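These notes are about the structure you will find just below.
Read from first to last, the chains carry the letters A, B, C and D; within each, the first residue is number 1.
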Amino acid sequence: MAEALLQVQDLYKWYPIKGGLLGRTNGFVKAVDGATLSAEKGETLGVVGESGCGKTTLGRTALRLTQPTKGQILFDGQDITSLKGRKLKPLRRRMQIVFQDPYASLDPRQTVRSALTEPMRIHGLAKGRAEAERKALDLISKVGLNPDHLARYPHEFSGGQRQRIAVARALAVSPDFIVLDEPTSSLDVSVQSQILSLLKALQKDLDLTYMFISHNLAVVRQVCNRIAVMYLGRVVEMAETESLFRSPKHPYTKALLASVPIPDPKKRTELAVLEGDVPSPVNIPPGCRFRPRCEFATGRCAEVSPPMKEVRPGQRIECLYDIDFATRKKTEL
Amino acid sequence: MKLYEYVLRRLALLVFVLLALAALIFYITRGLLPPAYALTQYVTPRMTSAERLILAQNLGVATSSCPSYAAFATSAKGCIVPLWGQFFGWLKTVLSGNWGYTVLPGYVAGTETTWNVFWVRFPYTAELAIGGTILTIAIAIPLGIVSATHANKAPDHASRVVAISGYSIPQFWFGYILQVVFVLYVALNGRGLLPVGGPLPTSCAICFANPGSVVTRTGFPVIDAILSGNFPYFWDSIVGLILPTVTLALTTIGALTRILRSSMVDALHQDYILLARSKGLRDRVVVYRHALRNALLPAITIAGLILAFLLGGVVVIEYVFDFPGVGQAAVLASTSFDLNFLELYVLVTAVIIVLTNLVVDVLYAKLDPRIRY
Amino acid sequence: MTSQASVQRGSDHEVVLEVKGLKVSFHTYLGEVKALDGVDFEVKRGEVLGLVGESGCGKTVTALAIGGLLSDNAKVEAGQILLEGKDLLKETKDELRQTRLREVSFVFQDPMTFINPVLSVGSQIAEILESDKGFQAELVEYRIAELARAESKAGLTPAEVEEKRSLEGLKDKKLSKRSLRRLAKLRTLDYMRTVRLPDPERVYNMYPFELSGGMRQRVMIAMALVRRPKVLLADEITTALDVTVQAQVLRLLADLRGKIDASVVLITHDLGVVSEICDRVVVMYAGNVVEIADVEELFANPMHPYTQGLLASIPRPDVFTKEIKSISGSVPNLISPPSGCRFHPRCPKRFERCPLVKPPLIEVEPGHRVACLLYGG
Amino acid sequence: MESKAGAEEAPKSGAMADLRYSLHLMSRNKLVLAGSVLAAGTILVALLAHVIVPASATVDDRAIRICWNNSLINWHIPSINVCPRPLPLGTDAYGRNLLLMIILAVPLDLSIALEIVASAVVIGLVFGSIAGYAGGIVDEAILRVTDIFFAVPGILLAIVLMTVLGRTIPNLTLAVLITWWPLYVRLIRSQVLSEKERPYVEALRAMGAGRFRILFRHVVPNSIYPLIVQSTLDIGSVILTVSTLVFLGFAPSNIATGQTPELGSLTSQGSQYIFSAPWLIIFPGLTILIISLGFNLLGDGLRDVFDPRLRR
């Protein structure tokens, strides 16, 4: 097994809901509620799930953009769970993030040149203007834009170009690890594939590790080596991409995959419909959190919170049973 | 959180704000002046030095160990209670309703209390402010709606000019202009059409100038006239309010119109308006049911600010129109150094504004289902 | 639902809505945005037509033009929009409003911003029925029919018998405001059930923020269906939804098509959704229709280079593609659109004539039309 | 909406284009144009006042006090004094040329207003950005302090202050400033709050940028437009407030009586002669109206020009 660059152990991120007479805490939004996963050096780890499943919070907490409530985050062997202030700065150089909305993630009053050189200034990575300029030129060509784009402002670019700038800015500090938070979901399909190809190429050239957060299973299938499926703040299944898509083991993964329409009318089948909505992360059902929507749920599911277990080499699920979906036969794990 | 809990919390905050404001006002009117000033409105001319010392001690300004009034008056060491201690003494005194004797011109020294003077004058101001509020709402809301529904067309430009001119006009000047106009140029049989001074006009073409028999029960001229069944007096009180309220409302009409216009324009560009139109609803329904409900929300939140505008405006209006309310007295109080009157005025105004804001916030919560306390 | 039975797809080729040579431009500070440059397509009775393309291709503008809902700075330069033969572009403002009320209804994307936040969702459905006298007779008949159905099934309570009798007396008379409200609410509740909103009585009085995205989308669909339109324009209705909820809504649409007599125009950029429920597809690019075909035909045999590129660039959930293909360049700016074929700057198969001639939409195979010079024109 | 997207794709070239677009929006709006002309005119008059008006103009000439000699306006007042020589706006109670007195008053009012607004902006920037960015207890404390000032009409608080501090011009400036700064704290705070939630701020944090860099290099500059709008509008409002206070007598006696010209005091001086010499009131007040209107029109127009919702 390859070396893990990022390890997230039993991570919790609860946001308090304030209210009441004295502003006391009435409850928590349990955005991340005991998630465990790891990203190995050089791989692309996909994190998928529906809105509100905590995938974005997980990404941000892993980068220490927020303070986790509980749990442990190891980056390259170092425990970074409770680093604060200045101690985080060296970490910021090694970890970066690319956001969903490239326009909003760029300061509208900053030229591309300034956006690219600012991180270098912050971390003292370029000696003098000339070197910064040279590095900026290098970056801009790396992401497929022209040198004369450096003098422009974000609003002068198309969506795809803006995302290229955001990627270039992330690369400005030569990081090892980049969280890609829905990097293509605000883009058009024909442009989406350009960005995906760019990200793949950059990973190869610069030996990057990606955490690719997405709700789009089709995209995830094309770019990720391994995938973590999240549901209500927990990773419910983790597996190599191909085994996950060929034979998902968690009933949620199974339902999720079956509800994606396939762009081929010949393969038109009745979409499997998972009834109900995703429950709110405030009132998480006890026991297995997927139980209320699960067609295989038993009495035990309400009582026991299933631990993560390996069903097959490299494929782990948080479910009490190993279910054969064809025969609906359950084997206790 | 329940609504009553929210109200309780807001009331606690309100008490805090009023206390802090009291401290600020106390600091300005007492802390910045020599301690002997504190006695000004409590002494009577015939008081002896010994009595004055006792008074100073009772008011919590002089220490109990202070040997003589002379020592107190010269701020001798150990004679003066520290400022924060004075504050509590002051608070105790004024909260019991003891605001001393008025030193306003027109009153014999040491005969009439500040408290009485304030409350006799207050109803006049209240009528003026209420009239101003009604006029503001009655004009500003339709104007704002017309402006927004005809955004960037002639009616919008016209209403923009009216609104901006409204809050660019010096109120004191406009008051005089109205007087000039209604005395010199708009007159019937040599008498100005509308009364230009005081709540009870004596020379105007359309008023009766007949105070008649009115029993003062509430202190509010209009209400007392109704209670006494004296129609001429009622009519005169109303007519007397016209010019002052128009002048008063001028500034606030502009402010409210502009805010309503912008929130309405904003609402009209929202997606839910497109949906409402796509449903084939009539324009009237789209504008009033769908847009206005949403647009009113930001507009009513500034009600507190508007009220502060109005209550500040009365000072000028009453001065210009020789209107016997508290605002006119404030200017007099400043020249005659009646600090207690000003303190009382500030605190009463603050209570009104803060309570209004509370009511507005509760109303907001009622109108906007998204807000849950 | 209605007495008219479902119309089977494809069995009837009657055209309900026809858009002919529609040209729309927007006046902006930067210049004239030529948003639609001659859009032609037709909607057949009972079909689900997919209108696909990337952002800025003019899908939404087309839909808004059909409903007469374009913003003030828009101008229809040319064309016809024929709804059962009558030209909607020639209608007055009020006639258009009536058309939206009775014949063409909309469902928009992201219902969070589209449903009025301060009004209860039920009232926002019922207000449609209350807003027009035209619905009165229909509401009464509808209720009588409902009572009659209940009578034949399980019999009526005495109160219901009384209600039916009084309604029959009311048939041609003006309803009181109260009974109009009541009937509108009953019909609303019925349609809320149709779109499978759970516990309609409770949801009726709820506010949009209290509902999940899927429920809000159902509310919007109920709003569109309650007046029994001839055409339902659904603009990106699944875009803001999670996949599992999207699947629910698609399932609902599939189930509804047997029950409603409306033709559906499904505007989307998601080819997966198109292949899932559409009968025919119109592909748009930069304000032009570039290809129209039956859904199987289009996916099996895309003719226009843009359609080919688009199909190649969508990542598929069912297979792993080693190399992700894409169309080079980006969507053109429509203030100064490319001359001739608007796709030519990005087209891998362009030749000399492409920048010179605007390709007409020609039928290459029966039912399969393409606007590309490779196929003539 | 797609129509908007279409507009967005248009070619632009940097900050200059942004500025050009702003100017275009401004020039298209006639009211803004009028406002800019008035505001610029006011500033010009203020700068040149002491050049235009000879020092001798302030000397009293009791012989020609309160007279009118401008055939364009007939006041229809029976016993009006006719000046021996033509004077465009007649003379005041000290027999001085009223037009020149008004011109002389403009720089005083404008400089007081500018001082107040500039100080309020600085205080607002400091405390508003601290409150907005720090949040928590600091924010709460600053907010509660501003609450106190929002509970009193500004003019009333200014009167109390002037009563105690004494009637001088610095005290007048201070009194108005004290009632004005909380507005800016609130404005900047809410701007900073909404700005700091924008994803680019999180991107900057992820990049390792420090709090001060984020706040002063990015967040504050991005919050500047509403500040420009508000301060332009406030120049108009502050001139009104200042002249009102002077009118009510809250200024040193030489100013309050109109001896040293100020717009409010000139009006106040005329109030005694309201029915016999209305020009004494009309023209100084009209000047206040025009100046205030200029800045208000400009500010109101700038709000439209800078409004991101309308710029899309």
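In the analysis below, a residue touches a chain if its C-beta (ideal position, glycine included) is under 8 Å from a C-beta of that chain, and two chains touch if they have at least 3 such contacts.
Note that the coordinates shown come from a computational prediction; the quantities given were computed from them, not determined experimentally.
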Exercise. When A-C is set beside B-C, which has more C-beta pairs in contact?
Worked result: A-C
For this session: Would you kindly say which chain has the C-alpha centre located farthest from the C-alpha centre of chain A?
Result: B
Exercise. Taking each chain's centre as the mean of its CA atoms, how far is chain B from chain C in angstrom?
Worked result: 56
Seminar exercise, completed: The distance between the C-alpha centres of chain A and chain C, rounded to whole Å, is 34
Problem set entry | Centroid distance [mean C-alpha coordinates] between chain D and chain A, Å | 51
For this session: Please set out, as single numbers or ranges, the residues of chain C touching at least two other chains.
Result: 55, 331
Exercise. When you check chain A against every other chain, which residues touch at least two of them?
Worked result: 158
Exercise. Out of chain D, which residues touch more than one other chain, so two or more?
Worked result: 9, 11-12
For this session: Name, in rising order, each residue of chain B that touches chain C in their complex.
Result: 270-272, 274-282, 285, 289-290, 293-294, 297, 367-370
Exercise. In their shared complex, at which residues does chain D touch chain B?
Worked result: 30-31, 75-77, 144-145, 147-148, 150-157, 159-165, 236-237, 240, 243-244, 247-250, 264, 267-268, 270-271, 274-275, 278, 281-282, 284-286, 288-289, 292-293, 296-297, 300, 309
Problem set entry | Complex contact set, residues of chain B against chain D | 13, 16-18, 20-21, 24-25, 28-29, 32-33, 157, 160-161, 164-165, 167-174, 176-177, 179-180, 183-185, 258, 266, 269, 304-305, 308-309, 311-313, 315-316, 319-320, 330-331, 333-335, 337, 339, 342-343, 345-346, 349-350, 353-354
Problem set entry | Touching residues on chain D, where the partner in the complex is chain A | 8-9, 11-15, 18, 198-200, 202-210, 213, 218, 221-222
Exercise. Where on chain C does chain A make contact in their complex?
Worked result: 54-55, 212-215, 242-248, 250-251, 269-276, 295-296, 299-300, 309-311, 313-318, 320-321, 323-328, 330-331
